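Some structures to go through are shown next.
In what follows, subunit A forms one complex with subunit B and a second complex with subunit C.
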Partner chain A sequence: MATFGKLFLGVWIALVLVATFLWLPSAVPAAAGGVFSSPDLARIIILHLPNSMVVIVAAFVSGWYALRYLTRGRDPVDDIRSKTSVALAALFCVLATVTGSVFARVEWGAYWNWDPKQICIFLLLLIYAAYFVLRAGIEDAEKRASVCAVYVLFAVVMTPMLGYVVPKYMATQSLHPKNTQFDAAYSWTLLAAGAGFIGLYAWLQNIAVRADLVRMAWEEYQCKE
Partner chain B sequence: MSWVTEAAAVFVKEWVSEWRTRVSLSSVGLFAACSLTLIALALRGGAAPGREAAAALLWIVIFFTAATGLGRSFVHEEERGTALALRLSARATAVWAGKYVANATVLTLLTAIASPMLVAMLGIRVVNVPLFFFVLLLGVLALAAVMTLTAALVAQATARSGLLAALSFPVLAPVLLAGVHGVEAAMGVGNLSGSIEPGLGDLQVLGSYVVVAVTASLMLFDFVWND
Partner chain C sequence: MQGMMPLLIVALLVWAGVFLFILAVDRRLSHIERIVGKLSIENDSSQDKETGVQ
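Moving on, here comes the complex of A and B:
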């Protein structure tokens, strides 16, 4: 079953990539009223937007397991799931930032221009970095788990406000297009890529949780020796 | 004991124990004094910065002073082993409320002294005093709400210094944005009537943030405290 899932995911993402580079038409050129100055390169959106989707999914998953940890009998496995999800959210955050910077360079002419969405993603990165510093700073495993779970939950509750507040105050108008009307080909490829990336996240999450469980068992075994 | 008396007792206890040593108060005061002096030296008494820079400087001073001072309250409990006694004698929500009010008063005092000094030092006129007052008040309430929870988290960690600022800043970003904008609006030209109008949006953002932050911080505090 697991092998089949892996195979399916691999084929799925390969198909998405093939569709992106061979099947997808280039975006509407700026001259014809489009939003991209380099319509051919706009295809990178297929590799950019799904990262942000994964960040949102992973953030909520980590919040969910943090809540479960705190309210349902403090199971260390829930803590591991929450931590792994935060790590993956951070990873996809970095990927979204890097692909977004390349995208911004070819379409707007600058890698970074403090666009509201760039600020939000940067603040998220700061939160994840702070989370891991906090985690490293607590010795006792149980205490570490509950303190980190509280911080994750607090961040999950407070960060959606960023989405409303940051665009309100940034002088630079967002260059991210609003209410973009993708043509059907783009919507379908994006949807397929989003599903593929979320599958990839689920796969990575599964591996990382299992690796951590092995590590935990090994440490326990060494303590007994 | 009712919840209110418990919370009030925690608040009084915070101030009494603070007043014995005055460590928090003096460190906060000294930190603020140092940063104000640094700003004065950097500007060499000459060129007056614009409104944007002045508002940003004011919030930098408030934020980092709060991050140095507010961390103490829970660290102190853990170090002296009084946390257990406090756990036994009051409900978690009452402890949070008492500490929150204590933190908020310290910060309000600090802001009440530091902000007029900074404004006078930079030679900037605050046109709209009521707006200036309310923006700072709501900002301080929001800062205290977030930092009361993060301070309780940081108290459990080994590397405490600096961590409070790192944990709080990204969460507090909306407050700092709205606060800077609101203070800028209060320093704005014209509009001597003193109406709240130009900064109404900022006050709305700050007010709703305070409500959300107080609720979330209060609800989550129980999990760190009764562990």
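Moving on, here comes the complex of A and C:
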């Protein structure tokens, strides 16, 4: 990513924060027929939803590289790209859980309510944690990459299932409002935040892959020495 | 809106810290990439000399 792109990303996310806290109107209070008991702090959602967007994007990127690894000549670089993307999906999943917990405390009175969506994101975190346990448990590099690539394909299917389909269509009771209609200001700020967070993910992915490639090159150099 | 000012300042400070940290890691990594790249090239050329590869 060029220096201009990085600086642009920094300014972009700063502007999203300014818009979130200063430009966005407060949500409709519960007393006036809205769904939020603390309308001013409902804007936390602008920092919560983009994390979930990134989890979905990162999961699909990791799945794409896992598929490439399995079908196109078992290139170790594809395995590295898939692994770093899973790590970032897990990181943004943790961020979504933390920001969601703060939102739940403010709006529903407790950090954790065992709401279907919260249970689903917890299961998703376990699925990502299992990936790293699996990775750590296999010594042979080629076997590890193959087994993990297959597991990533399973995780990719589970991510939208647990993040979207199950809580939206299968849960009968949930604190999360269904069919939420955001007004234009919230929708645009959410889109801008989503674009910024996806840009941040792309930058982190680039750094993590480069770091792994440097480690590989260094190990190769030491072997030759 | 005035009540949101302290939260905005905290959020901006946190983001500035995270952004500068990532930027510093990126710069450092570029530096290490140059060193490792140079070492690999030197290593390859010295091995080529040993084996007589032109």
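We adopt the following convention: the second predicted complex is superposed on the first by the 209 of 225 C-alpha atoms of A that agree within 3 Å, B and C clash if a C-alpha of one lies under 4 Å from a C-alpha of the other, contacts with A are read in each partner's own complex, and residues count from 1 in each chain.
Operating definition for what follows: contacts are C-beta pairs under 8 Å (C-beta built on N, C-alpha and C of every residue); 3 or more make two chains touch, one makes a residue touch a chain.
Being a predicted model, the structure only gives us computed values, none of them experimental.
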First, second, both or neither for A:V214, with subunit B first and subunit C second: second
Subunit B versus subunit C as contact partner of A:L153, first or second or both or neither: first
Which superposed partner A:A42 touches (first subunit B, second subunit C, both, neither): neither
Touched partner set for A:V18, first subunit B, second subunit C, both or neither: second
Subunit B versus subunit C, judged by how many residues of subunit A each one touches: B
Intersection of the subunit A residues that touch subunit B with those that touch subunit C: none
Residues of subunit A defined as touching subunit B within the complex: 70, 123-124, 126-127, 129-130, 133-134, 137-139, 142-144, 146-147, 149-151, 153-155, 157-159, 161-162, 165-166, 168-169
Parts of subunit A lying in touch with subunit C, wherever the complex brings them together: 6, 10, 13-14, 17-18, 20-22, 40, 43, 47, 203-204, 207, 210-211, 214, 217-218, 220-221, 224-225
Residue ranges of subunit C touching subunit A (in the complex, touch as defined): 1, 3-5, 7-8, 11-12, 15-16, 19, 22-23, 25-26, 29, 32-33, 36-37, 39-40, 43, 47
Subunit A-facing residues of subunit B, complex: 146, 149-150, 153-154, 156-160, 163, 166-167, 169-171, 173-174, 177-178, 181, 201, 205, 209, 212-213, 216-217, 220, 223-224, 227
